[in-house]
Amino acid sequence: MLEKIDRALGGREPDGDGLASSGVIADVAGIANRRSPWEAVQLARNIQRPHSQELIGLVFDRFQELHGDRGFGDDPAVIAGLADLGGRSVVVVAQQKGSSTEENIARSFGMPHPEGYRKAIRLFRLAEKFGLPVITFIDTPGAHPGPEAEERGQAEAIARSIQVMGELEAPVVAVVIGEGGSGGALALGVGDVVLMMQNAVYSVISPEGCAAILWRSASEAERAAKALRGAGPDLLELGVIDGLVPEPEGGAHTDRQAVAAGLRRALVAQLDRLASVPLSDLLAARYDRYREIGSFADPSAAAAEKAKPWWRRALGKAGL
Amino acid sequence: MRLRVPFVKRSESAQHLWTQCPHCGEMLFNKQLARNLNVCTKCEHHFRVGARERIEQLADRASFAEIDPTLVSMDPLGFVDQKPYPARIAESQAKTAERDAVVCGDATIGGHPVTLAAMEFSFMGGSMGTVVGEKLARAAEHARDGRRGLVIVSASGGARMQEGTIALMQLVKTVAAVTRHGKAGLPFVSVLTDPTTGGVLASYASLGDVILAEPGALIGFSGARVTSSTIGAELPEGFQRAEFLLRHGFVDQVVPRAQLRDRIAFFLGAFSRPAREMRWGV
Amino acid sequence: MLEKIDRALGGREPDGDGLASSGVIADVAGIANRRSPWEAVQLARNIQRPHSQELIGLVFDRFQELHGDRGFGDDPAVIAGLADLGGRSVVVVAQQKGSSTEENIARSFGMPHPEGYRKAIRLFRLAEKFGLPVITFIDTPGAHPGPEAEERGQAEAIARSIQVMGELEAPVVAVVIGEGGSGGALALGVGDVVLMMQNAVYSVISPEGCAAILWRSASEAERAAKALRGAGPDLLELGVIDGLVPEPEGGAHTDRQAVAAGLRRALVAQLDRLASVPLSDLLAARYDRYREIGSFADPSAAAAEKAKPWWRRALGKAGL
Amino acid sequence: MRLRVPFVKRSESAQHLWTQCPHCGEMLFNKQLARNLNVCTKCEHHFRVGARERIEQLADRASFAEIDPTLVSMDPLGFVDQKPYPARIAESQAKTAERDAVVCGDATIGGHPVTLAAMEFSFMGGSMGTVVGEKLARAAEHARDGRRGLVIVSASGGARMQEGTIALMQLVKTVAAVTRHGKAGLPFVSVLTDPTTGGVLASYASLGDVILAEPGALIGFSGARVTSSTIGAELPEGFQRAEFLLRHGFVDQVVPRAQLRDRIAFFLGAFSRPAREMRWGV
């Protein structure tokens, strides 16, 4: 999926997308022992897993947090600010789960309210103004489902964030570092490059929610997890993401330093690459990246195509 | 590619000559109900209407020309719950006579050229998978190419679980497409009908230049059950209804169905009469 | 002050600004009996005075209200929507006082909350997107001073509205139709042309507030009103506004139809004029319009100028 | 025009060797207090500091070159309350040794070139009339012309009543000027100090790319007395203080004075290291 960008850079060299050379898994064949989706869900949710705040400290050279959405509040479930990464200034926006029960309560278990997404949008615009790349870390069970979040427009905030990321005139790299729960995750997940940590998950609905609806029993969550194919390797195969940042055998929490170093390496490589892409190409490639995800068939179009006289077919679709 | 396809009228089954209004309990004669745009003649409860009926209500007579009618879903995940996904699709196709949950086409509304899309809630809960995402994106791109307004009537439970994360990505696709359409200076009227929830509300449907809703429509991000269990308490009366969203600033107008066509036409008209000298004066 | 725009249109003809010919008072000499500032304050606050909603109905051909700020709520103190004016589509944003006690309570006495200004901003951007002119009606004692307004960023909302109006790529005509109270009024008051109804007032602080601070007695309000020079004719003399829309002898409420007709005539004339100004000229003139309001002296600059050698003076300020 | 003007140090009057902290009651030796940037050594209460002292605290040593030092107010309204406006100006000039309520100039902060403005609250409550409006607008325009960052340290009761509606118009002037500066891709750091209220907060001061506030600073639109009488009740603890604004999303950081210079330098640095190839790649 990164080919478009590399083509914009003047032809695709071997590893032009900078993934493999920066240690990122770009092909599922490279995964030694592939976890089951349910194992991945457990690892992704492990409270000991390094969360955004810790990773920000380990990955970036300096970080200053910026607070507030300039309209209602400051959401502790979203950490946003400016940082250095190898001599480059970047805007960082991340969902923060707690690493303890107390922190989880303070951070709404990483479930942002609308003001969290609006803070993110503010920071995205700041990045655009100053030509800084954006890096997001995704780690949320989903957007907060409470009535106050509904009152303040949770859906509008998510839609707007998706919109702003999609049209943002700055390079964007998104990384699912743990749990990528539905629209609440996607709201920080639109980018030129989308990576996942090896054991992260990213799904349209939680396995429990899916099981409750389709099997009418939350205890079928493991089956649902398998059916949803939301583990990193699945999504790499499906073309939804671009690569996986490796984790040690036991999961990210067993060697935090190594994981952070790998993440840093991957981010630096992608920023290096994206920095030289002209903005117009970048935006076109970002549009196409999402435009092309999905699978459908159009039997009548194929039939219609065949039924056309040869000269029309030669002229191509544009001629119709 | 445009195919002019005749409306497929849903058969009014003989055994249902009467419908009881779920709101006021009134027994309504089906023909009269249909003549009243499927709005209860006693309490004005707005019954759900299907995609084709909606298009008939909104488009100028005989102006609708469907586009992309034949797109059908694949099964990217090989998804099986209690039934395989392809079986569910086949069932919905048989039930609705639609190939998926949205119908798109060119039309005029009050004389204004638009691309008009209406969702079919009876098709897997109007859920947005690849086909819905693709057709809406094409509709927006097509409207942009033809410098037409865009009108999307939503009725959806959200993203289609059976397509997993791929369904989630349709949020981005549709948002990006309506955004490009908007950047060309063209108007997008988003109409929210009962119900518009989840990923559809959290994407293109919340991004209309004007957002209209039908009276009493359920509109929200999280399912009320989820929300209710989160706070462990009863939700306020009218929670996530159209009027609630109006009060909270997310809907421009709650418009009774009988006025919807004229209202959309007004806004399309207002947005297409710029002070022209200004626009080219830069 | 309108000269810049007319110059952009290729030289200033007699009445090039379209004021006098549309019945607007552009010169205080044209006012038969000039009201005292305190009388004007009373007239401007008269509950029988036609308020925005009524004027919108009388001035425009059709009007459809748009609701909500897309973030928190819908403020009844601000009415905003789309209307027709002589075959032209316009965006209308107006503060609405009540014409009864009940309505006043429902409308917060015309004192907007932050969401009112944010609704206005949303409509301004809509106007910009579709190239529609903006017309605002100002009628407020001021922005709401309650603690909830503070919590939701009253100051930020006003600042942002001023910013958006100032840079808006669409013609803007603002009319103070009644009471123009401080920053809360100004937030809808930045335009290419700013008019007042003849008996409207527009001030940095209410006479009562000013008296309480400077005379330490609210009963000195009449003196404060005089000192503040916030009546229409004063502000026309001071160059703050561009013209006055005439009112009948007894005030606007004594002939609502005539007042509305006069207002409509003035608005049509100004929109006709502004429609042909290239946007870049319009924005430059709008900037300069406010840039030039004020009076100060710079003795040393004058002295420094004189002390320069002749050739430096000839090169002008730019050379320094 | 730039004039290099020596700092006018406010005389530390002999009779005040000690100052009592209004917050914790501690008696503080003035010299020690000054050495501690006028922050209480016991409770960290931040005393107000004047414009010149502020500039000394923030600008790199000897880097400050004042601009527009000589602008003085006229009296456009002929305003007389208990005293004529010109007499009030003269009093404030004598008291502060400033010509009006803001000092502007070029400087570097941590090596980053900026135009720096600091308000003098002792001059008529830091109120913004024509001179403040003009000087801030010139500062922003000058920064734009020289492609410098803009740092404004506010301390103001709001617009200057004695200039009536003309003072109100300074809100537009300053907003428009910082907006133009911003549109050139240059950073504006707004620093809110005790107190920043009324028309100053409702204009440029709320529009920084980054908004920093000093601990405990009073920051609000309406006077607390007005607000309190509106609700007829006591206001919550901490209402309109810097920390309150941080909680409600209007301030990026509350920064202790000792860290302010470095923090500003960090942000100026962050905003001036764009991915350059990107910016010229379009």
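Miscellaneous remarks
In order of appearance the chains are A, B, C and D, and numbering begins at 1 in each one.
As a working rule, a contact is a pair of C-beta atoms (placed from the backbone, for glycine too) under 8 Å apart; a residue touches a chain by one contact, two chains touch by 3 or more.
Just so it is clear, the structure is predicted and the values come from calculations on it, not from any experiment.
Here the chain-to-chain distance from subunit B to subunit D, counted in touching steps, is 2.
If you average the Cα atoms of subunit B and of subunit C, the two centres end up 41 Å apart.
Work out the mean CA point of subunit C and of subunit D, and you get 28 Å between them.
Chain centres here are Cα means. That of subunit A falls 46 Å from that of subunit C. Touching of two or more other chains is recorded for residues 70-72, 152-153, 156 of subunit A. In subunit D, the residues that touch at least two other chains are 248-250.
Taken chain by chain, the contacts fit none of the simple shapes, being neither an open path, a ring, a star, nor a full set of pairwise contacts. All chain pairs in contact, by the document's touch criterion: A-B, A-C, A-D, B-C, C-D.
On the subunit A side of its complex with subunit B, the touching residues are 143-147, 149-156, 158-160, 162-163, 166-167, 182-183, 186-187, 190, 202-205, 209-210, 213-215, 224, 227-230, 235, 238, 240, 287, 290-291, 293-301, 304, 320. Residue ranges on subunit A touching subunit D, taken from their complex, read 62, 64-74, 82, 84, 87-89, 115, 119, 126, 129-133, 169-171, 271, 274-280. Of all residues in subunit C, only 70-72, 114, 118, 152-153, 156 touch subunit A in the complex they form. Remark: subunit D residues 1, 3, 68-74, 76-77, 79-82, 129-131, 133-134, 137, 159-161, 163-173, 175-177, 179-180, 183, 198-199, 201-207, 220-223, 226-227, 230-231, 235-236, 239-240, 248-250 touch subunit C in the complex.
Contact residues of subunit B toward subunit C in the complex are 182, 185, 187, 209-210, 246-253, 263, 266-267, 269-279, 281-282.
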